Amino acid sequence: MRRVLSVIAGLAVAALLWEGYKAAGDPEGTVLFGVRVLPRADDLSMPHLWTIGQRLADPEMTGGRPVWLVVLQACLFTLGITAAGFAAGTVIGLVLAAAMQRFRIVERGLLPYVVLSQTVPLVALAPLIAGWGGTLMPSWATVSVIAAYLAFFPVAVGMLRGLQSPSAGGVELMRSYAAGWWRTLVKLRFPAALPYLFPALRLAGAAAVVGAVVGEISTGTRGGIGRLIIEYSREATSDPAKVYTAMLGAALLGLLVAGAVSLLELPLMRHRRHVEVATL
Amino acid sequence: MRRILPPVVVGVLALLLWELFVTLGRVAPFILPAPSAIGAQIVEQRQNIVEAALASGANALAGLIGGTLVAVLAALAASRFLVLGEVSIPFAAVLNALPIIALAPILNNMFESTSSVPRRLVTGIVVFFPVFLNLLRGLREVDPVHQELMRTYAASGWTFARKVRLPGALPHLFTGLRQASSLAVIAAVVAEYFGGLQDGLGARITSAAAFTAYPRAWAFVAGACLLGLTFYLATLLLERLAMPWKRHLIS
Amino acid sequence: MPAPDRGSTAAVAVDNVTKVFNQGRSDEVLALSGVSLTVGDGEFVSLIGPSGCGKSTLLRLIADLIEPTTGTVTVAGRPAGQARRDQEYGIAFQQAGLFEWRTVRRNVELPLELRGVSKAERRARAEEMLELVGLADFAGHYPGQLSGGMQQRVAIARALAVQPPLLLMDEPFGALDEMTRERLQSELLGICAKTGTSTVFVTHSISEAVFLSGRVVVMSARPGRITASIEVELPSRDEAGRQAPAYFEKITEVRQALRS
Amino acid sequence: ATTPAPGASGALTPIKLQLQWFYQAQFAGYIAAVDQGFYKEQGLDVTLLEGGVDIVPQTVLAQGKADYAIAWVPKALASREQGAGITDVGQIFARSGTYQVAWKDSGITTAADLKGKKVGNWGFGNEFELFAGMTRAGIDPGKDVTLVQQQFDMQALLKKEIDAAQAMSYNEYAQLLEAKNPATGKLYTAGDFAIIDWKTEGSSMLQDAVWANTQKLNDPAYQQQTVKFLTATIKGWAFCRDNPEKCRDLVVAKGSKLGRSHQLWQMNEVSKLVWPAAAGGIGTIDEAAWKQTVEISQTTRNQTGDTVLTRAPEGLAYTNDYIEQAIEQAEAAGVDVEGAGFQPATVTLTEGGA
Amino acid sequence: MPAPDRGSTAAVAVDNVTKVFNQGRSDEVLALSGVSLTVGDGEFVSLIGPSGCGKSTLLRLIADLIEPTTGTVTVAGRPAGQARRDQEYGIAFQQAGLFEWRTVRRNVELPLELRGVSKAERRARAEEMLELVGLADFAGHYPGQLSGGMQQRVAIARALAVQPPLLLMDEPFGALDEMTRERLQSELLGICAKTGTSTVFVTHSISEAVFLSGRVVVMSARPGRITASIEVELPSRDEAGRQAPAYFEKITEVRQALRS
């Protein structure tokens, strides 16, 4: 409740800042030493909040559906892609983490590349992965692959830490029970890793959203919010508020995913301590 | 040696398999180029790669430094004024869930697409979150023993902040920076994707890919990986320099 | 000075064991050298010695958590590995090591679960064990809700759950304050007496070793060996026992054995 | 591959056509041919694949995920050099529609005036006419100008961040004329801008063409199918020439996010690029124009010093075999394949192209 | 039973102090009730009692880390707050609480630094203190490189650095193993004797309290009060002293006071 209130308070402050700057700022922005340090405040760059609200209510094109509906549908489409990517990324991350925990040599050999993998710009991967669409998988799934590519990383790293978190005592206890690796994993390592898993999943959720949005743009997949951002931003010249409606949609998507992950966490994390995981 | 060998073996093996897969499988270069072809392009384009990496690296660095500075100031303020901290953490967490990179086209309009400001801003915002959240946690988590000790020394609030809070939060700051450093490079490269100056790795990659010149595109990708790695390692180095006490730990 | 042989019914027989860690590497450590020890059926033996002398190493050898470099370890007449798979022993460490995501009851049930004991039986046995350590009322609590002493009692209940003939304990009360510690010592003695369990107990505390044990085995460091084995007879093992001259005499004897 | 003889069994042959950008009137001919059933008449069931930023149509075609693709000639030739086996089988756009637009008052009227300026371009291989134009005017694109990648809109020019912007006559240029001048409160007019047209600067290159898979062209069934596809395509473009409003509606119905007046403008401008067609009829590849395109591709350097092509195209880069058969069949069906009498209309743009 | 008044030169005088935590809230706790205690100059007083009886609370009242609800606390004749600002005392806790980012030397220097002592003098004093606790060779090390016992010695050196007339210690050896603990006890006694420091020492260990103190103050829980004050005279405070009958008698006396 408190959190919700403070987020609302934060939003209100942000809205005030926006309109305040529009009222007080230079429409051409402030240029210092040849660099524009403060943004332009004109209606083209920063439409009034109510203009954006109005745009949401108006139809997309003459006689078309209202923008809010289009944005919402795009969000739902991308949500599906994100969910698939998130799920796939999580599974891959978990399997990798388990393999790295099981075999020291795998950890040594693989972990640097897991870290390195995240420095490959999506822009470069997109054409390669887009090529799989239509043959290996439906083309929307290629976007999920990109989302999974970003999502697996925090899970793999966080989960590895989690799986390694039980004390030597706990591991020896399981050995004294003559429990093998698998049973130790199920009864000890996995439950012990949950406090590490959930923060990692939150990061993975955010990463999956970014992956889905950028992936849609890169692979030219129609129907989602990423594509909508590009389509609407082509119209920024004549209809600047429209881009912002798509941005709001992306924000909504981010919140939806973050909320869903938090919900997942609630029942499992009672009676548990909370840890923070650092990826990388 | 034991730490270096396995990744090197894996890397060499993966490259070999890749090369074999491409040559034996007769995979066309416009689908997946062979490592040898990419290597040849890296050599041929080295000048361009270095120049583009410098441009993207400058943006990433500017964003990293700017975002970190703002994050440090914000974390100091939020740890000082409780209300601010209460409000800022969930708010920051919410903002962090948003696909910030998609802000690039809007920032390009608000600022100037002909300057590097918008992409540096995107990078800065992306950097801000991990640094802010980690540092704030560090600043708040003061060992109660230290707190009492400083009180017995009758130390003022400022002395306390300087001698205990800040050094105590240093490990957290670096945890944030480690995450931020490679994020900064990714953000700087991806932001180029939305227009603006065509001097960085992102622009080079997309333009090469548009020509189906995938070996050339991957040569620039390799540059981007190297840049990200450099940033990451530089942060690690800085961390070791800034926290000598962590280096001397015995088990 | 090897411990006297207690015959073939010995609960534990460690025979001329040597343990080298990191053999062949630059950080090689000779942790134990030529150690022999026999623990009779129903006997309570304490291991005491300076930090790093190899007490834990010896205990972990008996538990087959590590393997001896040379020599043999026999538990209940079987090789240690076999005994471990047969769950011939229960073990408890300095850290209670409870699984925080399981309730107290389900923590105690864990070793039974892994043995494939049926749900109803598991439950009954756990209740019984918790009764024994006086925590029946806390069965539904999570470990985080208990004090350190209570957690340690749960750990003991867990070690006892499979009703093992042998109990191995590595400084189980090390993290507790002295008063809680003394209470648990009495409880432990009661339980061991009731169940007839043989016990190997590692401790740093001379008074604890003397109060609990029938025999205190003193070890020396670098390389770890057994330097003395002191039989302890007290008029009683209760509050009166703690004030008996025999108690203080044995304490002094063990202290001197340690110092020498 | 076996392509069943159309009509024989009554089953339609599924065909995928990869477009190179979002649905817009640039592709009206194909959209109309689908809608009017021209492809069906030929026994083809054509699915249009929409393009996007990172979609390289010729790669999609080479990978076998489309049967035909629409792509600009220089980009497609570059992909050929990288091993993509594709052939230009129909040069639908007879001329280039690329402009470089500047403000009237900037004094920029020719390529030479760009020296030292901030020059917008799209990258992605769409910038070669610009580079060629500058090179011809003695400007090194890598050194003498500041290159800026344009976004998906024309804001940069309107805000005077850049001095000249790349624009397609049928798309971005219209966007400029759909924007309101804050000073006057009215839309900008053509009089506000100066246009560098690469056709007059002599650096124009061939644009939208239908590309087919070179290897599959050895298969008589695919050959046959290509002719049928081209025949229906010709009918589609002729239909749009004659019914621009109808085609505008079809494009809008396809879900284009740009509005009606914009698409009508685009339809009109695109028709200007197609009609009147080259000698021999729509889609015929003009030897001279091809040569010019190849020559520029081999000599113009971009900012990294690379040329589009490092050597002359090898193998079957283009052929008029199929388009000639298609033209014949279309003429037989009464279609005007020359469009000699084509008269462009005057389209009025409304704000935002609505 | 209030402790006897030792006159106006008392190092510490706690007069009829009551401490209520969370006053007026539902979780109100009466931690101390009517506690009076006087520590004479140069005296070594131990506080012992069950967990939660208020030992730490009492110590923190003396240190002016918290304020009494009623009653007064005087240190060296001044109000506790004044005494804290004058750095009349040094303090050490169960956790050594060293600053891991400072070397051992700079940890010891910290209280001097905050007093504005010059660099050269700080350094000299730190060396001296480290000499005293036998860690002169480790001045340049970081705390992370030291064992628990060594860390605790640094903490004591830090507490002594300002050469305070009063030393306050809250279970400083609680986390150490018994043998290390005994060694540090002897060292502490030596230091206190050498510097003539008065000491208030909180502990859980009866033997530790008896071995170290001139007086053992026994407390009872809920609400915390002082129930006994036992004077201890030992023939010597060394290995022999640990084996003297007087030592064991006092242990028994304190144990009984605690049990009652």
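Letters A, B, C, D and E name the chains as they come in the text, with residue numbers starting at 1 for each one.
Convention: a residue touches a chain if its C-beta (ideal position, glycine included) is under 8 Å from a C-beta of that chain, and two chains touch if they have at least 3 such contacts.
For reference, the UniProt names are A, B = ABC transporter permease subunit; C, E = ABC transporter ATP-binding protein.
All of these numbers come straight from a predicted model, not from anything done at the bench.
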Note: chains that touch subunit B and subunit E both are none
Ordered by label, the neighbours common to subunit C and subunit D are A
Going from subunit B to subunit D via touching chains takes a minimum number of steps equal to 1
Computed over C-alpha atoms, the centroid farthest from that of subunit D is that of chain E
Comparing A-C with A-B, the one with more C-beta contacts is A-B
Separation of the C-alpha centres, subunit A versus subunit B, in whole Å, is 17
Cα centroid separation, subunit C vs subunit E, in Å, comes to 34
Whole-Å distance, C-alpha centre of subunit A to that of subunit E, is 53
Between subunit A and subunit D, the Cα-mean centres are separated in Å by 36
Residues of subunit D that touch at least two other chains are 54, 56, 59, 63, 151-152, 155, 159
Each of the following residues of subunit E touches two or more other chains, namely none
By the touch definition above, subunit A meets two or more other chains at residues 40, 44, 123, 127, 131, 217, 230, 233, 236
Listed by label, touching pairs are A-B, A-C, A-D, B-D, B-E, C-E
In the complex, subunit E touches subunit B at residues 60, 63, 65, 84-85, 87, 89, 91, 93, 95, 97, 99-103, 110-111, 114-115, 141-145
The subunit E residues in contact with subunit C across the complex are 50-51, 174, 177-180, 204-207, 239, 242-243, 245, 248, 252, 255, 258-259
Touching subunit A in the complex, subunit D uses residues 22, 50-56, 59, 63-65, 151-155, 158-159, 175-176, 178-180, 182, 252, 257-260, 351-354
Note: in the complex, subunit B contacts subunit E through residues 143, 145-146, 148-149, 151-155, 159, 163-164, 167-168, 170, 243-246, 248-250
Contacts from subunit A onto subunit C in the complex sit at residues 167, 169-170, 172-173, 175-179, 183, 187-188, 191-192, 194, 271-273
